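Below are the structure tokens for one structure; questions will follow.
The first chain written gets the first letter, and so on, giving A, B, C and D; residue counts start at 1 in each chain.
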Amino acid sequence: MNSFGELFRVTTFGESHGPAMGAVIDGCPAGVPLTKAFVQRALDRRRPGQSAVTTARQEADQVELLSGVYEDKTLGTPIAAIVRNTDARSQDYAKLAKEDRPGHADRVWRERFHHRDPRGGGRTSGRETLCRVIGGAVADALLANETPKLNVVAWVSQVGPFVAPLPAAGLTRAQVDAHPTRCPDVALAAEIEARILEAKAAGDSLGGAITVRIEGAPLGLGEPVFGKLKSRLADAFAGVGAVTGVVWGPADLEHRLRLPGTQFHATNADGTPSDVYGGIQGGLANGEPVLARVLFKPPATLTDHAKAGRHDPCILPRAVPVIEAMASMVFADLLLSFLARPHRA
Amino acid sequence: MNSFGELFRVTTFGESHGPAMGAVIDGCPAGVPLTKAFVQRALDRRRPGQSAVTTARQEADQVELLSGVYEDKTLGTPIAAIVRNTDARSQDYAKLAKEDRPGHADRVWRERFHHRDPRGGGRTSGRETLCRVIGGAVADALLANETPKLNVVAWVSQVGPFVAPLPAAGLTRAQVDAHPTRCPDVALAAEIEARILEAKAAGDSLGGAITVRIEGAPLGLGEPVFGKLKSRLADAFAGVGAVTGVVWGPADLEHRLRLPGTQFHATNADGTPSDVYGGIQGGLANGEPVLARVLFKPPATLTDHAKAGRHDPCILPRAVPVIEAMASMVFADLLLSFLARPHRA
Amino acid sequence: MNSFGELFRVTTFGESHGPAMGAVIDGCPAGVPLTKAFVQRALDRRRPGQSAVTTARQEADQVELLSGVYEDKTLGTPIAAIVRNTDARSQDYAKLAKEDRPGHADRVWRERFHHRDPRGGGRTSGRETLCRVIGGAVADALLANETPKLNVVAWVSQVGPFVAPLPAAGLTRAQVDAHPTRCPDVALAAEIEARILEAKAAGDSLGGAITVRIEGAPLGLGEPVFGKLKSRLADAFAGVGAVTGVVWGPADLEHRLRLPGTQFHATNADGTPSDVYGGIQGGLANGEPVLARVLFKPPATLTDHAKAGRHDPCILPRAVPVIEAMASMVFADLLLSFLARPHRA
Amino acid sequence: MNSFGELFRVTTFGESHGPAMGAVIDGCPAGVPLTKAFVQRALDRRRPGQSAVTTARQEADQVELLSGVYEDKTLGTPIAAIVRNTDARSQDYAKLAKEDRPGHADRVWRERFHHRDPRGGGRTSGRETLCRVIGGAVADALLANETPKLNVVAWVSQVGPFVAPLPAAGLTRAQVDAHPTRCPDVALAAEIEARILEAKAAGDSLGGAITVRIEGAPLGLGEPVFGKLKSRLADAFAGVGAVTGVVWGPADLEHRLRLPGTQFHATNADGTPSDVYGGIQGGLANGEPVLARVLFKPPATLTDHAKAGRHDPCILPRAVPVIEAMASMVFADLLLSFLARPHRA
């Protein structure tokens, strides 16, 4: 189905070439400060055409709030927001209407729904992620109001063979956005940018990884059996188009898995657990930063170079706000569950 | 909460040292052949004390079916099954009652629920997975009846530094079970067994990976936006205790992510897509085998060697039926969703 | 929350004086014929200002389909539809902003959400039911495609002291709509109309009952324990603003409850069960027409007669399509559940 | 399905003549005082053979708590409780195996599930309600801990033609239980008892009504659109076997619906709203006692008088704790939802 979350529930809709895309956010409490400008800024971080490393397609993606907000505060009623599709360019896709695009889910979709929307991917388009960004913006507003210490930040930590070191604690989204690649390591960012432009020119593409870190999660947030914090985030991230893996804890996990437990579980000097838990134990936030690495395939490339300009050679920079949105929606939902349980000993 | 799935919904209960553990499976259609012996065999594959490579704890784990089955067929009503806890040995844990065990979620659990069950881990115990195996057995019975071509098989594909090659198509659970390590590569299995026994003797532990392959999934099974097949499985696997990552597609994915898209997406000789999709495109089963690698941390070890014998030095062999159970529950649930949608063009 | 249904799930949004109201329908299969004109006709049956017996407020309530439909067929993706609020007249409500309106939920809402939308009732307004009518129209389209024999029809069966007899089988919505009161009994309809106009002139109001009959329900549709067909419909109808009771079976049920079981359960001449079951046994449709009587309070009246013209003196005629919409959504949802369960003996 | 509630979720299982029946309660917070004796007392109020006015069948219905409780407090984990079926007497039902029982759902059930459990009604048996009583007992324990002022009490307010007046505020369950008919009006209770015994002797049966009153509900509890308090309770009560109607507000509602709004809505002398709202406005508890009348059909009677002794001539006295259980589960669930929403203005 097209809903995400239980108590903070985001329902998305819209085909990439239909009249509009949008989201309905149900369960956001009343009284949370929320403006159209705040949601728009979130969308601007995702939209195509931001910089040379993204697709050249220009989509304004102007949001309209239809309900749930009055005088810049949430009403406690469902928040509906839409974005009109303006750069439809359906003629670009008309030629593809009859044939399944390589590397796309066209054939599978047709089997499932007994038709294929010839207007370009329908709901499977990466454009669908703008709905998630809307949901994430509302989640961010809620979290800022209820758990101001929470800091959900993602960044590009790998592009092709280039792997960035873990940045210091307290990294902000503004710091990440300071470079078009959204890799906060200054030296590496320049190298990555060059490599993406090179791939773009060659009609090639690049994959890699985004690392997301959530600092300040309430101790004990999550569920202990099904719906563990680990599971909820894995579900959230694996649902983003090109994601091909979700790994917890240290960046060199694949290497460390080769070591025996006595070495793997070595505690830090101060006796605290090392970061092998990725901030989660028994399904619950353990007070350490929650740390996950999300692996992305390189986009399937088109042999027709003329079209290449309209697709991202590397989706990682634009996927950063999408991964953050997914994380924020998970935390908003779990936070409301957390509040629903009176704690009596 | 403690339920898994929407239409095929498994609710589990029981603390590891309370009177009983069990599961209620709601949504299984009527008329599916199901016997107590079938469920018992599934539990036997998970139970402790199976072989020298597992914990020496002996737990009979005898299942009792309380409802939902009559004359060896499901009634369409909820199937409740329980296992009494017999090897409680709570005195072993009495000493631990006052202190949080290192490497366990005790501290976090206590913060969340304002108490800690001193009888040994409560719901966070690995023993909770027997409830999942019950759910998986019923899912298997349903799938065997409705989609007989579906083949859900998992195996130990890595222990510490030892990595097994991908086995040929059509591997069966019986073939996997033929070796106590559940590594189907005969040569490597012996090496892995020796290594686990060595770790056991040394009070050490080992992690690694289980690979799960689902052959014969109905084309188009899954959901395209939220609840993608990829997401559902990631959620399912990440919810198993020591899992620290879920990765799709080829075993050397981390290596292949370093390559540009043109090399990453190279098709097979016959023009079919290569296995980079792990059998899933756009969230839906694409007709190829679904292939995921589930990464496991080594268990946290106890410095007290006297206790070590009661814990698994390497949980991978016993986790194989748990991973299969999670996969089967996901497929059973998605299959019922699939049937709920009449396909009209 | 603001969603209704499980597999056919309708999420509604919008405050009565915000920018727009609407609904997202998730779970409608692909390939169902659906046009904007079809949804508009459904809304036209509910809109204010249809006739002398309703409020004089004129609201065009023009629907726009934002997603989920392409070339007049559903895509299998979420269907989003909105109606802009044009007749806001918020100045009418400005005077009321500071005081709780008698007979309204203003005070309770303010306690719950710690604020009250001063623009006129927000989500508690009867205007919210237009979202339900959108959901019902999509449900009707699905049902027409999958179970063409199903006939969901409601009518005004009581206004104040006037009670209409049960109409013959096969009554259509067009026959009901032929009279502005939506009472299909021609003689009584005239009397009822006169009485409503009288109440309107006097600044008074009238309650009564709507009877809904669903013919042609698939035998066995429903659930046997929780979510019985009876429960689902009771939940659906009781959720409509002024409803104060839901009663199954014959119109004189209160009288028949005074009789002993031998007289109450008398079978019909042909040995079939009498209509005391209201078409439902054990929570499942039993093949007889499903028959429910929905009781409506008279609207709370305003002492200010000048305003009275902007409110319905008797909401029953306009509530008929709302009750039908609720019934259709329930049947659409249960139908998809029904299909999700393979029937094997 | 077989679950009830969202945050406080009760899943029931068991056929009336299978090995056991039971319930799993998920979502009850930790630290709530709960004993086996407390649950047993609740079951004792429902069990057959309590008095001359009920069935002569004797079923001990001894409960066993399998999980979720430790040292008489809830753990925050799922609470599983079972009751073994001891008085199976399946031979009584063997004769009926081949034929559908008149007045039962046998035929419909067989169509739905393609089989019929010949052991006596399976899940459609009234015996299933013991699972609801278990869920209600846990809900009562939670409510007593969190909202000690809440008072959920039901009583027999009508049997056949005998209608009891509304008892004074503060009525307790003990006061209701003081008479075997559970009619708290002393004079009428004797008359009702005589009438039930008369029907029993004659192989006849009687229906009527149970009134349930919930005092002390938190102001604003409920949901404003779907899942209104009114809807939730209607769903809950309509799901009990023989229920044929749910009506809000005053007992003479059918009469008052004949009156115009100015008379219907007359306020009380002190200016407070009269009880026409049944304690609910806009879907939310309005601070007044919530008051509903639940109508029950007379049980379908058996022509075989020899069997008649094993069935209740009037199920109303034993249905009182079932209606209370349903109400308590709804309030427990809504209370947790209520807590999940931080209230900021």
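What we mean here is this: a contact is a pair of C-beta atoms (placed from the backbone, for glycine too) under 8 Å apart; a residue touches a chain by one contact, two chains touch by 3 or more.
Quantities reported herein were computed from a predicted structural model and do not represent experimental measurements.
> With contacts defined as at the top, give the pair, B-D or A-D, that has more of them.
More contacting C-beta pairs are found at B-D.
> Looking at CA centres, what chain is most distant from chain C?
Ranked by distance of C-alpha centres from chain C, the top chain is B.
> How many angstrom between the C-alpha centroids of chain B and chain A?
Whole-Å distance between the two chain centres: 27.
> Between chain A and chain D, what is the gap in Å from one C-alpha centre to the other?
Going by mean C-alpha positions, chain A sits 46 Å from chain D.
> Compute the distance, rounded to whole Å, between the mean C-alpha positions of chain B and chain D.
40
> If a residue has to touch 2 or more other chains to count, which residues of chain A qualify?
In chain A, residues 1-3, 12, 30-31, 76-77, 112-115, 123, 224, 343-345 touch at least two other chains, as defined above.
> Touching residues of chain A toward chain C in the complex: what are they?
For chain A paired with chain C, touching residues are 1-3, 9, 11-15, 18-22, 24, 26-27, 30-31, 64-68, 70, 73, 75-80, 82, 112-115, 117, 119, 122-123.
> Which of the residues in chain C end up touching chain B in this complex?
6-7, 29-32, 76-77, 145-146, 224, 336-337, 339-345
> In the complex, go through chain D and note every residue touching chain C.
1-4, 12, 102-105, 107-109, 111-115, 123-124, 128, 158, 160-161, 199, 204-209, 219-228, 230-239, 243-249, 253-254, 257-262, 264-265, 273, 276, 278, 281-287, 295-301, 343-345
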